[in-house]
Structure formats: structure tokens, C-alpha cells
Amino acid sequence: MRGMRGFGKWALPVYSVIAFVFLLIPIAYTIAFSFNDSRRSNISWRGFTLDNWFGVCQAQDVCTAFGKSIAIGLVATLVATVLGTMIAIALVRYRFRFRSSTTLLLFLPMATPEVVLGSGLAAQFLAAGVQKGMLTIVLAHIMFCISFVVVTVRARVASLDPALEEAGRDLYANPRQVFWRITFPLLLPGIVAAALLAFALSFDDFIITNFNAGPEVTLPKYIYTAAARGIPAEANVIASAVFLLAIVIVLAVQLTGAVRRKRLLQQ
Amino acid sequence: MAFTAFASDTALAPQQEPTKRGRVALLLLLPGLAYLAVFFLAPLISLILTSLQRPAEFGDFGQYEYAFNVDNYADVFGAYGGHIVRSIAYSSAATVAALLLGYPLAYFIAVTLRRWPVWQGLALTLVIAPFFISFLLRTLAWKQILSDEGPVLGFLQLVQVLPDGARLTGTDFSVIFGLTYNFLPFMVLPIYASLASLDLRLLEASRDLYANAWSSFWRVTVPLSLPGIISGSLLVLIPAAGDYVNASLDFLGGTGTAMVGNVIETLFIETGNYPEASALSVILMALILVPVAFYVLFTRTEDLI
Amino acid sequence: MAAPSKPAESGADLELVGITKQFPGYRAIEELDLSIPAGSFFALLGPSGCGKTTTLRLIAGLEEPTSGRILIGGSDVTGQKPHERPVNTVFQSYALFPHMTILENVSFGLKRRGVSDYKVKAIEALKLVELDHLAGRKPSQLSGGQQQRVALARAVVNRPALLLLDEPLGALDLKLRRQMQLELKTIQTEVGLTFLHVTHDQEEAMTMADTVAVMNRGRIEQLGAPQELYELPRTAFVANFLGQSNLFTGEVLEATDALIALEVGGRRVVVPAARAARRSGQVTIGVRPEKLLLHLEEPSLDGVNTLGPGRVVDVSFSGVSTQYLVAVPGVGQIIVFSQNLVHGAVINRGATVWLTWSIEHGFGLEDIAETRPHFDDEASAPGLPGVVAEAV
């Protein structure tokens, strides 16, 4: 691919720009329609307005569902991040038997279609006679987030020079101080990244939630059921706001990292 | 490295073999693994047990009891064989499409943009940007854009690519399109990760050894990015095979596009026919396990996650 | 927290008694006894995998010995955790905490021990390594040499009874390494602590240390002052790891109180009895390449050993000296370093030469050198890369 002249030289950049536009079209559409002066359904463009943004909670159902999604996301993220971080540390730093079975057990949830995870858990709750609700949703979300947390944090633990912890022990820090003053601060970027990923997965999950929600309505479930009759623009407002917030965070992280790498390249 | 595409690509420190052992490891592992045992492994077993249930003899309609009723499998194969085939076809087509669309993009970001880290970071952000907006709203946006009144269909009819009366939504094409779009980032990221570590001097060496650009690409670049291609393909294939949003009537699907996921949803949530829904889930899982098992066999267990 | 012993005003002595370390599958250290006097600069020298780093980690408490005892300043620390020992380490990778400033790094140990004026002490330590002006920087903003000095300050500031240095100069380039060697030696003299320095660089060990222990396969082969080790190596390993040696093995012909004589390549070669470890049977003796003299005619001198005639098979000029490789039938290839007193090489390849050395320069080994296969015939290719490579 390198070294092609003329057409070949420009083909890849031009294609890539088109691909980026392709990826962004539905996002732009969703954001644009959050400003649509719509009535009941938000299908055709009827003029620009800011009302949807200033009166988000006029559509009460949307707001309630959003609140529930946030609550579920926070709890599931917290638990999955703690459990997953512990596993990640053990995987990198300790020797133990059943290592490959452990790895397989962590890999399989990521390799199982969501509809199987969702229906399986639902069958389990059914058999155990557990009433579906917020609790079952949270339990389900923790389950599929753990593996992703392990993967993310493990990479960070693996990049941590064990000599740093040894240096801490050598410099009179007891095991607790070594963890909280050296290991944890150095793992923090990885843990934060894992938590953000877990929250994003939980917040946007529909398929597994649908099987285990019972009467509870999360934001994705609300959108799914409302799709038949038309989504209120307020849903677009919330999605756009979440998107913009997330993108600002990611851009900030990416750019500081890139600037640091650039500085390294120049040295 | 397979599924680690989500992890930040920090350089690895000089890693020694783990030497510590003992009770601490157990304390760290146990809570999480126990959780997965209860809420992941046990449900899979539950699913198999449920799939073998039969209607309760003296119960009300819709009540089932545990049995060894293999007929459920025969029934769902008979009734939903077409859906199974369609799921395989749609998800395979989406995987191939995502690979063809995603590889050049991953190459551009990993290799062409390598000397401009800021632009590279920006490009990666654009690739993952769709993750930050609701999956369902994204799909609905495509539904509107591709709809009968939408701009794309109108344009295609104007330039006579499509005849009058043709539709884009509700067709095989629109479902595969939706699956491809929604899971494209899962293809790009792992390929990017394996190309990002590609040493460009290898390509120079290949050119030096009389390979032209094309054969350098096929004999050096592609083999070295194969791990990324394989994990990317699995990451698209698995969610695509089980998806029921894109193929749903309210989204990009039509009356003739229902996939296994749609059937499972209907049987489980609406009809309450748990045994047949579970049987279909087990079949789907078994089908997915074929490529996954190959992947596991040819990957060092350490590299699985 | 467990209070570690008080900061030492001067170094303490270290004693290892019968230390063995068994790892799964191999034994890293075998029945090691070692004692290092207080205030000395001690170097542990050996090839990679010889067990020197493991020894260091055992002393620091980062590994536990399978058996044996470790005593610092007379008290048994074998059961103590690393943070309880009056020992600090300068790590090979420096292991500076990347999330802390230089000042925070250096004051880390002081704070853990509850020293109140940690800031003053940390600045003092940074002054010692001339980096006090960078106290507010992060480690990633420093050069390799600067990071190395911070690592040193971070350890020295605690006034440990024993300072362990794990190949601390390995990551620096040659010029910086030479400079740091001198600085490290100066600092050790200034602070008066006991330094235990682990390295695989024989020149580094000899330049810096009062005492060098040569380690091989988990054992100490020989221990002594650098000059003593160089002039009178006791084993074939030491003779070749510390500089280069020409080793000859032969049957003892005669042993008196003053000397032993053996047969090498058909000639009688003599070593002073005081410099020979064995007196009968097969014996390996050696001589350093720079102690050899080349002659174009057969010499007839007293008080020297003579070998030859041989043929010069390779000449390589290295500035200060010229290295000759001489093949002597029945003896093998002999390396000769000759000072460049005249311009360029004096003797050309292919010349027939005789070699001599003063009797008092020879040494007799405890063990028998393994005969090297290519030492046998003159016909083996000239300028053998294997032999030349060993010279590097």
C-alpha cells in the first residue's frame, strides 16, 4: 500500500475520510433531531428549537428512564470495577492453579451472544423464582461488565514495572502503604478507563436488560418500545448530551496522551 | 491480545513471570469468579435444563416442568430453521463487509497516521464515537435516512440505480447494512492494535527483497495483522449473530428478515414459551461455539483476554 | 507500623551464612557464605544468571532464602520483611515512582519512617547528587543519568546500614557510566555507608570496589582486592572472566619449595610455588596477554619461560596496543597484547615468533581449564573469530 503513486496515494486517505463521515452520519442525525420542533413523533424536520433541551423533563417517561439507567450504570460499574480489578491484579501478579480455566471463564461471557446471556439469566431467575426488577438488571449488568474490566485493568497491571512496588517495600512502606501509595495510583488510569467502559456498556445495554427488566423501563428499553410510535425529541437530547460529554472526556484523554507521545517522538 | 482492543496500548514493562502465590490470589479471584459462576455459568445450565422442559401435565397453559424433552429441539429446527440459516447468512455477510470496510481504515489510522499522533488520536476517537450514542438511536437514524421518504433512496432512484417502488429498509440489505455499521468499530480496533505494532522496517525489508507493494502487503502486512483480523471478525460475528434490534420491524428489518434473536425474544418475552426459546438460545450458543472453539484452540490461553 | 532500625551513622557489616535459594526447577544459590566489612565498597561480579541479583534480592528481603541466615550489623534479619530492614536498593531500572515528583520520590522512605524534617534531608540528598534544582520535576522529565542519581539519592537519604546497587549503571552509555562510576565512589567515601554493588562489568567492579567477589553458578569463585584477583586468579573462570588469560595444561615434572615445573608443548615451563594452587598431576597454569613478549629469533634468557616457535595468524591494531594471535604447535593459540611503542604493527601476519614471560608473572590454578577444541592444530583457520571475540 505504501509507495503507490497518483491515484493510489490519495485513495486511502480519501476512502478513510468517507468512512469517518459514514460512522458519524447517524450521530449527526441524532443530534440534529434533538433540536427538531417536533410534536408527537420526531421523524420529519419541522424547524429548529431549543425547547427540547431546556425542557427535557417535560417528557417525564424519558427522564425517569434516564435516571434509572444512570442509577443502574453507577451501581453495576462500581461492583464490576472492584471485582474485575481484583481479578486483573491476581492474573498478572500471582501464580495459581486453574489459571487457564480462570482465563476461559473470563473470556466466555465476551464470546457469548447477548441474547443467550439475557435469556439464560432470565431462565435462571425464572427457575429460582426471583422477581424481575432493578436488582435483576443490576445483577445482569455486573455479570457482562466484569470481563471487560479485567481486560482493561490487566493491560495496565502488566505495564506496571514490578520493581516499583519492590522499591516501595524497600523504602519502608508496609504492604498496605505499597498498595495505596504506589500500586493504586499507578493503576488508576486503567481503573478509570475500565469504569468508563463498564458504565458505557451498562448504560447502552438493551438486549440483556430486555430479558431481565420485568416492568422496569431503562432508557434503551424506553426507546425500543417507543420506536413503533415515534421517539420524542427529548430522548435525542439526552443521548446527544451524553455523547458530547463522553466525547469531550475521551478527546481530552486522547489528546494529552498524543501530545506526550509526540514530545517523545521529537526527543 | 484478542479482545484487549479496548485496553489502552501502553508499552509493556519488563514483565517477570509471576512468582507470588498463596491465599491472597484466592481472595482476589474468588469474589469475581464466584459471581461469574452464579450469574454466567449457572444460567447457561439453566438454559439447557429449560430447553428440555415439557408442558406441565396437570398445570395451567404456559406452565412447564423439568423433563428430558428433546422434541423441543426438533420442533424449533422445523419451525425456525429458516431463521437460523438467515442469522448465519446475515452475520457472516456483515462480518465480511466490516472486514472489507474496516481494514483499510485501520491501516490508515495505524500506519499512515503514525507520524501524526494527534491526528491518530483524533481518528481513533472518531472510530469509537458511535459507542457513545445510543445503539438504538443510531439504528433508528439509519432507518429514517434509508426510509422510503429519505434522501438516499430518492437519490438512487433519481440516478436510476434503483427502480421506482424499490425499498431500502425492511430488506436483507438494510439489516446487513445495520449490522455492519453497528459493529464496524469492533473490527477496526483490533486490526488497528495489531497494525500499530507493525514494524515498518519489515515492509522496507520486503521491498528490498524484490517484493512489490502488493506482494509486500499480502505476504508481510496481512499475516502480521492476522491476530487482529481474527479477533475483529469474532467481535463482529458474535454480537451480529445474536442481534435482534437491526432485524426488528421497528428498526431496519421487514416481515421477512427476522433472525434467531427476534424469535427468542418473541418466544421468551411475549409468548412465554420458555422451553423453545431456550432451545433456540442453546442452538445459537452451539453455533457460535464452533468458531470460538477454533479461536481458543489456536490461541494461548494467556492471550485470550 | 513496624519501626525499622534507626538510621545508621555509618555502614554496618553484612554476613551471609549458608544461604541456599531454590527456585522451581533450579537452584540459584548454593550454600553461600559471605561477609562484607562495615564501610566497604564491595562488588559482586559475575555473568548474567550467576545468582548475583538473587543474592541482592535476598539481602533486601525481596526473596526469602530456602535455608541459611542473613545478619546485618550482627543482628539476624532473615525473617524480616523488606520494609523492616535497614537496607536500601538502587534498582537496575531505577524504579522511580512516575506519579511523584523527584522530591516526593526522595522523601518517600523518610516519610514512611516518620522522619519530621524529611524535606530538608531530601533536599540535602539531592544536593549531594547535584539535582536539587530539579526537585519539582517528574521522573519522566529527567535524562537517564539524572534518573540514576535520583535513585541513588532516594536510597542514600535513608542512611541505610547497607546500600545495595543492582547494576545501577547498566542503562547508561559508556561515557556517562565512567563518569558515574567516579561519582558513586566519591559519594560512598563521603557518606561512609557500606555499598554492595552487583555488576557484570569487570572493569566497573575493579574501578570502584575495595573488594570484588567473582560469582559463578550460585557460588563465589574467588574474593579479594581487584588487583589481587587480576594478578593471581585461582580458577579458570576468574582468569577468563576478569580480563583475559592464556591457559596451558600439562603434567608436573618437578615440584620444589620455590617452584613447580611442567611440560607445555614440549618445553619446560615454571611457576613460582607461592603462586600455584596445585603441585602434582595435571595442572593448569596461566599468564596474562600483556605479560608476554614476542621475539623474531629464539631467545636464550634466564628467569623466563619460553614457548615457540609459532606463527602469527592474526594481527589487530586497537590504538593503545596491538593484539597478536600466535599459533604454537602442540600448545594452541596464544593471545599477546603488545604496547604500541613504535608506529603500527611491528610484526606481520605469517611471521615466525617465540614467546617469553617472566616466571613471576605466571599463576597456577586450582582447577583444570577445559581444553578448547580449536587449540589443537596450526592449520585451523587463521584469525579465528571465536578467539578474537573472546578478547572483546
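In order of appearance the chains are A, B and C, and numbering begins at 1 in each one.
Here, a contact is a pair of C-beta atoms (placed from the backbone, for glycine too) under 8 Å apart; a residue touches a chain by one contact, two chains touch by 3 or more.
Predicted model, so just to flag it, every value in this text is computed and none were measured.
The chain pair with the larger count of C-beta pairs in contact, out of A-C and A-B, is A-B.
Here the chain at the heart of the structure, going by C-alpha means, is A.
Subunit B and subunit C, compared by their mean Cα positions, are separated by 58 Å. Centre-to-centre separation between subunit A and subunit C, using Cα means, comes to 55 Å. Chain centres here are Cα averages; for subunit A and subunit B they lie 16 Å apart. The multi-chain contact residues of subunit B, meaning those touching 2 or more other chains, are 14. The residues of subunit C that reach two or more other chains are 93, listed in rising order. Residue positions 161 of subunit A are each in touch with at least two other chains. Residue ranges of subunit B in contact with subunit A, taken from their complex: 3-4, 6-22, 24-26, 28-29, 31-33, 35-37, 39-44, 46-47, 49-50, 101, 104-105, 107-109, 111-112, 115, 117-118, 120-142, 144-145, 149, 181, 184-185, 203, 207, 213, 217, 221, 234, 238-239, 241-245, 248, 250-251, 260-261, 264-265, 268-269, 274, 277-278, 281, 284-285, 288, 292, 295-296, 301-302, 304-305. Residue ranges of subunit A in contact with subunit C, taken from their complex: 161, 163-164, 166-174, 177, 181-182, 185-186.
By the touch rule above, subunit C contacts subunit A in their complex via residues 1-2, 4, 60-62, 81-83, 87-89, 91-93, 95-99, 108-109, 112-113, 154-155, 158. Those residues of subunit A lying in contact with subunit B across their complex are 1-4, 12-13, 15-16, 19-20, 22-27, 29-30, 33, 43-44, 83-84, 86-87, 89-90, 92-96, 99-100, 102-117, 119-124, 126-127, 139-140, 142-143, 146-148, 150-152, 154-156, 158-162, 189-190, 193, 197, 200, 204, 206-207, 210-211, 219-220, 223-224, 227-228, 231, 235-236, 239-240, 242-243, 246-247, 250-251, 254-255, 257-259, 261-262, 265.
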